[in-house]
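Following this line, the structures themselves.
Below, chain A partners chain B and then partners chain C, in two separate complexes.
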Partner chain A sequence: MLHVPVTGSSESAAGEGFLSVRGLNKRYGDFIAVDNLDLDLPKGELVAFLGPSGCGKTTSLRMIAGLVPATSGRIVVGGRDLTTVEPYRRDMGLVFQSYALFPHMSIAENVAFGLKMRKVGRAETEQRVREAISMVRLTGKESHRPAQLSGGQQQRVALARALVIRPSILLLDEPLSNLDAKLRDEMRNEIRDIQQRLGITAIFVTHDQAEALTMCDKVAVMNAGRLEQLGTPVELYEKPQSPFVASFIGRTNRFAAVAKNGAAELAGLSIPTPAGMTGKVEVMIRPHRITLSAPADGAPCHAVEGVVTRSIFAGDILQYEVVAHGATFLVEQGTAAHERPLEQGSPVRLHWLMSDTYVFGAAA
Partner chain B sequence: MTAIAPTLEAAPARRVKIPLAVILLIPITLINLIGFVAPVINLLSFSFREVQATGAMTGGSSIASWVAIVTDPFYIELLVNSILTSLLIVVLTLVCSFPIALLLHRTTGFARTVLLFVVITPLLTSAVVRTYGWIALLLDGGVINSLLSLAGLPTLKLIFNSTGVVIGLTEILMPYMILSLLAGFRRLDPRVEEAALTLGANPFQTFWRIIVPLTLPGVALGSLLCFVLAVSSFITPKLLGGGRVFLLATEIYDQAMVTLNWPLASTLAIMILIVFGGALFLYLRALRAIA
Partner chain C sequence: MEDRPISLTLRIVAGIMLLFLLAPVLIVVPISFSADTYMAFPPSGWSVKWYVAIFQDPKMINAFWVSLALAVLTTVLSLAIGLPAAYVLVRLRPRGSEAMASFFTAPLLLPSIVLGLALLVVFATFGLLGTFQGFLAAHLVITLPYAVRVLSTALSTLPRAVEEAATTLGAPPLSVFFRVTLPMMRNAIVATSALAFLVSFDEVVLSLFMSGPRISTLPVEMYHHVENEADPMVAAISVLLIVLTFAVVVVVDRTAGLSRTFVK
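Entry: the complex of A and B
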């Protein structure tokens, strides 16, 4: 048998890079779809690939699965170099953005296909297929054809088909994009649960940052073919390493400023900048980290006087637009029953912690 | 508005509503009645006419033609031979056309246009011309045998036997097969093949378990079409068979134009129709099995 199963226990200890991607590149002519991707995934972790449409998420996934040859770079799983290994010997489960079910097979046959290729015995196949189908809540649909199922049901078959082979690495290309909000939540938990229970190392491609932040151990933010930052949700949110990450994850105020002698001027304030930074910089502050009163503990903060120019009540939050010294701030406050929203024209004093102020060298 | 509403509502009740589909089917029904059903009825009646050795029909009726084709070993062999030869041609056409159709399906842009043009061009040339082309190639002193003897190999008997007919018809029918296959390849999605690969199927398994099943509707359609065309082809067997290959279509021509036995020719023509009916029945059965 050609297939070499990679079982959980026989692999190198958890920790450094079960999946290790080094300098992965993909070029289409002059166009660089994936630019020098480096990635290390410990065993059993779920990492999200998050980024705008066309940034190279699917292409990266397809290279890891072996469906498109990399222009250069290496892919190593559990110490085994898979760079030139055929896709059918990589033992990876891939859930396609377009499901890619076998239209001529029943749901049960679709799910059983990978086991058949692995020459798993009949009794075991039957049992694992039954389990996988019930896991994605499709019991009773075993003999249906894919065309007889809804988009969301097809997506779940694709998931069951990839999971049933217990792949060493599970690659999910927007597997929940066609589900309604409720089922999406359920499947999200289900995937997370299965992934943790079976200790599968998985990459989860998504457009939805809430999905990425809430369900994944780590998030890889991609932009224009490049990995901008790989980190835990908290790291990405609190320590963004680039203006792109800061503005892509969560909402943010962005101000252009000029750094001189270790400080940048913003709304009459002098914002300290990292050592050695000069010229144009971008200053970012999260709208909900701006408060209307000074922090009680006296932590070092910036403060500026301004006037409310717009006030929006959005149920759970209040959004103010405040103009201070010519700079426009978006400010978000949680609502409370006893509080009345500030009216347009009200004078306010904005405060935010120094540690909540991000300064980036502006992109050339 | 209230004034015209009652008339609008009443109108459909008074008129008999004919479904649009029925109206649209009228022209083709008329054409079929005149161009197909009437001649077939005519043929059927001819097949029961009595005929003299001179070819003159007496006006009396007879079942001699029907008795001949079900009892005379020559006609039984003719029928079996026609069907088997046509099946062989269908299989060869399919084997030769499948890779081309698959390549065509996967090619995009300008290359596809060129390839499609190459496939369709032979259809723009008459089968007679193409058959003469094959004669030039297959003749004892023709291109192929000249090359063989140049290479010091024994020459082959490639023409005026069923080999020649099979070679010629296979090539002539390939465009029809390729186009039918291509029409049936629409279900073939490259992502589906990739899914099979990631699930552990090697390219060989992917071909047999995914590609072939998904292309079966095209295969069935192409096979039916080419079988019908092969059984009814006349010029190519006539020219490449050199009068030594006996098939239904050529025999009908001989009976009608040479022997002047119109009743027997009519009977054989009805026989072809029955064969086609059988092929169509098998096709529909196959479609239901693979859908």
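Entry: the complex of A and C
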């Protein structure tokens, strides 16, 4: 099991985060949906829960919101233990994939709902609703019904409705999945802008790694109910700590090899392995970190001769399939105007840095 | 659903079917305006005297008020019992909720004559025969299955996320129910009310078993009247009932949309 401490940023170094999750578990009979989740999130950050469907990311979010009771574990926000607090007393804003607006209420009534529940005075309610609606650029639509708005507008109403109560944490459950691609990019920026402007702590559940990497301060990669790694997008990409993270974030070449005496054999090369690692290992190399010429600064690298077996021009990148000593490598190169793609059968020499080579003990 | 052109043959067949279904109802209208002292078609003369006769017959007027009060109370109680029942069956899903759902809808499957006989025996022991409470209980037995059915179906198609959104915004369970769940079930509630009202108001078989010398419903009085007399007054009452039914249907259509409410 991998338990990865919070890495990176200095403000989180001081012990517990703003949101602190300890040993959170969710079992449905024999099925373990969330397995011993530990998390510390600093105030003001946007953190993605990223993973394939069924990895436990939504269940974790719903346990934090209190909509799903935890089997065991502790949830603390800003020093307040919320583990047994009812969901309607947790002061969290939740945005759903399906928008979940109240169809029988106007946009203004939707946004005002949380304030009404808090018995906020009329004048203050009106002002805060007006501000929230203007924040999501929907001024003028106050008296519309949700059904009269587009999907993107409905999701912005949901965002305003969640934020107007000034929640301690904003929880977003795949908020962009029902939107079309163009709108998704727009909303992504909008959510990020608002989150940074308000300095609110937010969790963003997604299965889309591009969303997670481009808009979040940190990403928690989850798989089969477990937290595989929590780190900044760069850390996940450059220093994956498990084969799952390496293969889930970005594309990668995966090779099975056997480690013996501190090295594993791959395509006639001897790849150094971490001390003490023996038996089956996985070697991973990112396709776009493989170059066709030796690095100019003479950094230590691996090199191997091969033949191009497939050549695909994909506009912004060139993809080659190269067979070298029986191993098939996927190689990606940026395209340049003057360059002609290599043809099938061309001999090539592949290079990649030692530091771009990841070796993992084979997953159980 | 897409609109396809309907063939002429189909139109004719449909027209004949409609006529077949409506003919008996339509024939009641001219008979109700008959000047004769017995029901015959076509009438030999025209008059509104049978409409006047209804209002001069205290038995009929009493029975009408009983039926109306009964239908209104049955409707209110059907909602008051049906809503929590549907909520428990659909949302809380206790052990055995499927069996309970079948149990709730079972009276729909029984022939009403069997139900009537059973209720007669049971109610006789409790002295409920010939009482308003007895009528009410009997009518609830047949309206509740409709209520639970329609309300459960509506509840199960409501997205949970909307209720959860209300919860995270700070609404305790009761507030969620009254401010979100209930308003979203508006159409189903209108449909249930209309069904319960009409089923109760039209009910004859069970009411025949329940009625006594002191209390009776309009359909039962009409039945007794036809047994003894052959005058067209019953036709006049029938026309008024058709108007009432039609009014209920129009109200449902205006408030909730007819096909949306019943077809779904």
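Rule of thumb we're sticking to: the second predicted complex is superposed on the first by the 347 of 364 C-alpha atoms of A that agree within 3 Å, B and C clash if a C-alpha of one lies under 4 Å from a C-alpha of the other, contacts with A are read in each partner's own complex, and residues count from 1 in each chain.
Going forward, a residue touches a chain if its C-beta (ideal position, glycine included) is under 8 Å from a C-beta of that chain, and two chains touch if they have at least 3 such contacts.
Remember, it's a predicted structure, so these values are computed and weren't measured experimentally.
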Room on chain A for both chain B and chain C (clash or fit): clash
Chain B versus chain C as contact partner of A:128, first or second or both or neither: neither
Partner chain in contact with A:113 - chain B first, chain C second, else both or neither: both
Contacts of A:166 with chain B and chain C, given as first, second, both or neither: neither
Which of chain B and chain C A:100 touches, first, second, both or neither: both
Chain B versus chain C as contact partner of A:218, first or second or both or neither: neither
Chain B versus chain C as contact partner of A:286, first or second or both or neither: neither
Contacts of A:92 with chain B and chain C, given as first, second, both or neither: both
Chain C-contacting residues of chain A that also contact chain B: 65-67, 86-94, 96, 98, 100-104, 113-114, 117-118, 161-162, 165
Chain A partner contacts - residues on chain C that touch it in the complex: 159, 161-162, 164-172, 175, 179-180, 183-184, 186
Complex interface listing, chain A residues touching chain B: 2-3, 65-67, 86-94, 96, 98, 100-104, 113-114, 117-118, 161-162, 165
Chain A - residues contacting chain C, complex: 65-67, 86-94, 96-98, 100-104, 113-114, 117-118, 158, 161-162, 165, 171
Of all residues in chain B, those that touch chain A in their complex: 187, 189, 191-192, 194-203, 205, 209-210, 213-214, 290
